[in-house]
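Please go over the structures that come below.
After this come two complexes, each holding chain A, first together with chain B and then together with chain C.
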Partner chain A sequence: MSAAAEAAFFGAKVMIVDSDLRLGGQLIKQTHKFFGSAFERAGTRGFVISDMLLDELKGYGDRVETYTNCTALGYYKDDGVVSCMEGEENYFKVLPKKILVATGAQERLIPFPNNDLPGVYGAGAVQTLMNVYGVVPGKRILMVGAGNIGLIVSYQLLQAGVEVAAIVEAMPRIGGYWVHAAKVRRLGVPILLEHSIKEALGKDVVEGAIIQQISPGCGFIGEEIHVDCDVICMAVGLNPTCELLWQAGCEMKYIPQLCGHVAIRDRSMRTTNPNVWVAGDAAGIEEASSAMVEGRIAGLSMAHELGYVEDKEYREKSALYWERLNALRNGEASAKIREGIAQVLMESSGGMER
Partner chain B sequence: MSKSEGLYNSGVLPPEMYEKHEPPKELWESKKNGLVFVECPQRIPCNPCHTGCPTGAIKEFADINDTPQIDYEKCTGCAMCVAKCPGLACFVADLTYGGDEEALLKLPYEMLPLPNEGEEVECLNREGKVVSKGKVLKVVEPWKDKTKVVHVVVPKSFVMEIRAIRVVRSR
Partner chain C sequence: MTEEEKERNVIVCRCEEITMGEIRDWIARGYDTFDELKHILRVGMGPCQGRGCREIILREIAKMKNVPITQVDPGTFRPPSKPVKLELLAKKEGGE
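Presenting the complex of A and B:
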């Protein structure tokens, strides 16, 4: 949405294809206030940011065309055609001049006995149920993972009146922001560091879980602990969704710090396929604030490539966005991101200093 | 992992870090309406506490990742930051409120049900343990954005312990 708004601002015609029923991605589930600076609308709740972006897009009228419940199925490298499926009936093909892949991420799961029982959810599903559809997933939750998603979803569960039995975190410290952890701790939720789930209990549905301490070598040690719960919520990380990038022949690299395979890109977010850009979690798992700035950079660059932006304005605006992006990535929680980005950023592919 | 590390690494400020986060004692004891303290020890990219501060008491950030720096002389205890902070890490304590025994805490609150004015509530420490009862003076919504600030009268000795309240009603 950020990229579309940016490109449309300069006069480019944009077609947005999204598999969800409405635009907004993960923002529509984010009921907490965002971090960052005023530029990234810090202090504003995520779903409100989504509404603001929608309004911005509406302001461009016919220049932005939106297809929801529509999946980009494939990219055909030979002629650059993208095939799409809208709903279950309408199959069509598009030939865009430039493509941005902002497909986000997919949740990881970890293996343990009975992890296929009903009641074992990904954190994304819990957020969708609660915050999009107003359905509580259960009565008492065990949260697996104390990254920002695990911490924030725990807080949202408490707000919805659901009990959070505990958060288990395999590492010796929380992975998310300290203040997010403090918010749930003071409401009585224990965070068990160096602990993980060993087994889900129950015959037809989740009726409990066994958790246990883990050693630095990742073996289970100490006493098994029985947790009474009817939902086990997995918040153990994300992988970039990158199938379209592989299809487009983009040079890919496995970067553990960015949580999976990501496309090599230049500072304009352009990949090694000159017609394909990437932004957001699809370019490496990071905060939503950074994703939105990356989108702006990509949208700006695509509009520039299509001749809608003067070189001087392009350079100036791009420098401004990079300043903001670097500021967002400068904290102690972003050390990994900085290491990862350093490994995938290539010299300009020609788009920058023309 | 030491006990203090275990606390900090799971999101609880350990006692030896209290002092660093407390306002200067003399000013604090005499400042009507209270002073802010911000329990935000980690460098993260965030500055709404500064941009939302009407008096400039929370200083401008040189780097957005800096932790908040406070000019206590300028703080009026207005608690706008309490409601603004996305991490709910700002708190105000008015030590002038209730003589030797009591003090007034202004705490962020985003739960249901809302406490009523005059209602007795449970006061929780940083680990969610009930440490005392408190009496709600008022509930305000400074930014009209659903984050409330609860003014609660608590025993003075628990000012550096209590960080949340819980409404308890028998059905």
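Presenting the complex of A and C:
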């Protein structure tokens, strides 16, 4: 949405294809307030940011064409055609001049016995159920993972009146922000570090779980702990969704700090396929704020490539966005992100970037 | 059931119902790339196109071959990335 708004601002015609029923991505289910800088709307709740972007896009009228419930299925690199399917019946092809892949991420699963029982959810799915559709997933939850998603979703479950039996985290430390961890701790939820789920219990649905301490490199140790719960919520990380980038022949690299295979790109977010850009979690798992700035950078660059932006203005605005992006990645918590980005950023392929 | 049996029975590819045990056995037989496992077991060929199992299988390959996951080939990605009815494709090309 950010890239579309940026490109449309300069006069480019944009087509947005989104597999969801409405635009907004993950923002529509984020009921918490954002951190970061005022530039990136810190203090505003996620779904409000989504509405603001939607309004911005509406301001460009016909220049922005939106297809929801529509999946970009494939990129054919011989001719640059993208195939799409709206719903389950309307299959069509598009030939865009430039493409941005902002497909986000998918939830990571971990294998354990009975992990296919109904009642084992991804944290993102739980958030969608509750915050978009107003449905609670169960009565008592075991949360697996104490990163920001695990912590925030635990808090939102508590807000919805669902009991959180415990949060288990395999690492020896809490991965998310302390402020989120403190909120759930104050409400009495135990966070068990160096613990993980060993097995889900139940015949037809989840009726409990076995958790156990783990020792780095040695697997499970100590006594098995039985947890009474009807939902097991997995918040063990995300992987970038990048099928289209692979299909487009973009050079890819596995970067553990960015949580999976990501496209090599230059400072304009352009990949090694000169017609394909990338932004957001699809370019490496990070945060919504930086995803939106990356989108602006990509949108600006695409509009520039199409001749809608003067070189001087392009350079100035691009530098400004990079300042904002660097400010977001400045903190101690972003050290991992900085390391990851350093491994995928290439020198410009000859465009106007510095 | 022993712990090991339980672990072997975990379904890794839900679309094609392939267990961890099957995957480990085939890796041990030398089918140690994602594409080879895909050809022999159909992992990653169902409706989700590997979005659920690929990462788990790549980790298993890395573990069994004792190489970092950064060096495991994730296999080939071909369009379409979700199922499309053949009828729709045939219609579009204007043929039977």
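Definition applied: the second predicted complex is superposed on the first by the 351 of 354 C-alpha atoms of A that agree within 3 Å, B and C clash if a C-alpha of one lies under 4 Å from a C-alpha of the other, contacts with A are read in each partner's own complex, and residues count from 1 in each chain.
Methods note: a residue touches a chain if its C-beta (ideal position, glycine included) is under 8 Å from a C-beta of that chain, and two chains touch if they have at least 3 such contacts.
Everything numeric in this text was worked out from a predicted model, so none of it was measured.
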Output check: A:Glu199 vs chain B and chain C. Expected answer is one of first, second, both, neither. What do you get?
second
Is A:Asn115 contacted by the first partner chain B, the second partner chain C, both or neither?
second
Identify the partner contact of A:Ile191: answer first if only chain B is touched, second if only chain C is, both if each is, neither if none is.
first
Per residue count on chain A, the busier partner among chain B and chain C is B
Report for A:Tyr76: first if it touches chain B alone, second if chain C alone, otherwise both or neither.
second
Chain A touches which residues of chain C in the complex?
6-7, 9-12, 14, 20, 49, 51-52, 55-56, 69-72, 74, 76-82, 84-85, 88-89, 92
Residue numbers on chain A that touch chain B, as the complex places them
32-38, 42-43, 45, 146, 151, 158-159, 161, 169, 172-174, 177-189, 191, 193-194, 289, 327-334
Within the complex, chain C is touched by chain A residues 71, 73-76, 83, 85, 88-89, 91-93, 106, 108-113, 115-116, 199, 239, 241, 243-244, 246-247, 253-256, 260-261
Show which residues of chain B lie in contact with chain A when the two form their complex.
1, 6, 9-13, 39-48, 51-52, 63-65, 84-89, 110-112, 124-129, 145-147, 163-164, 166
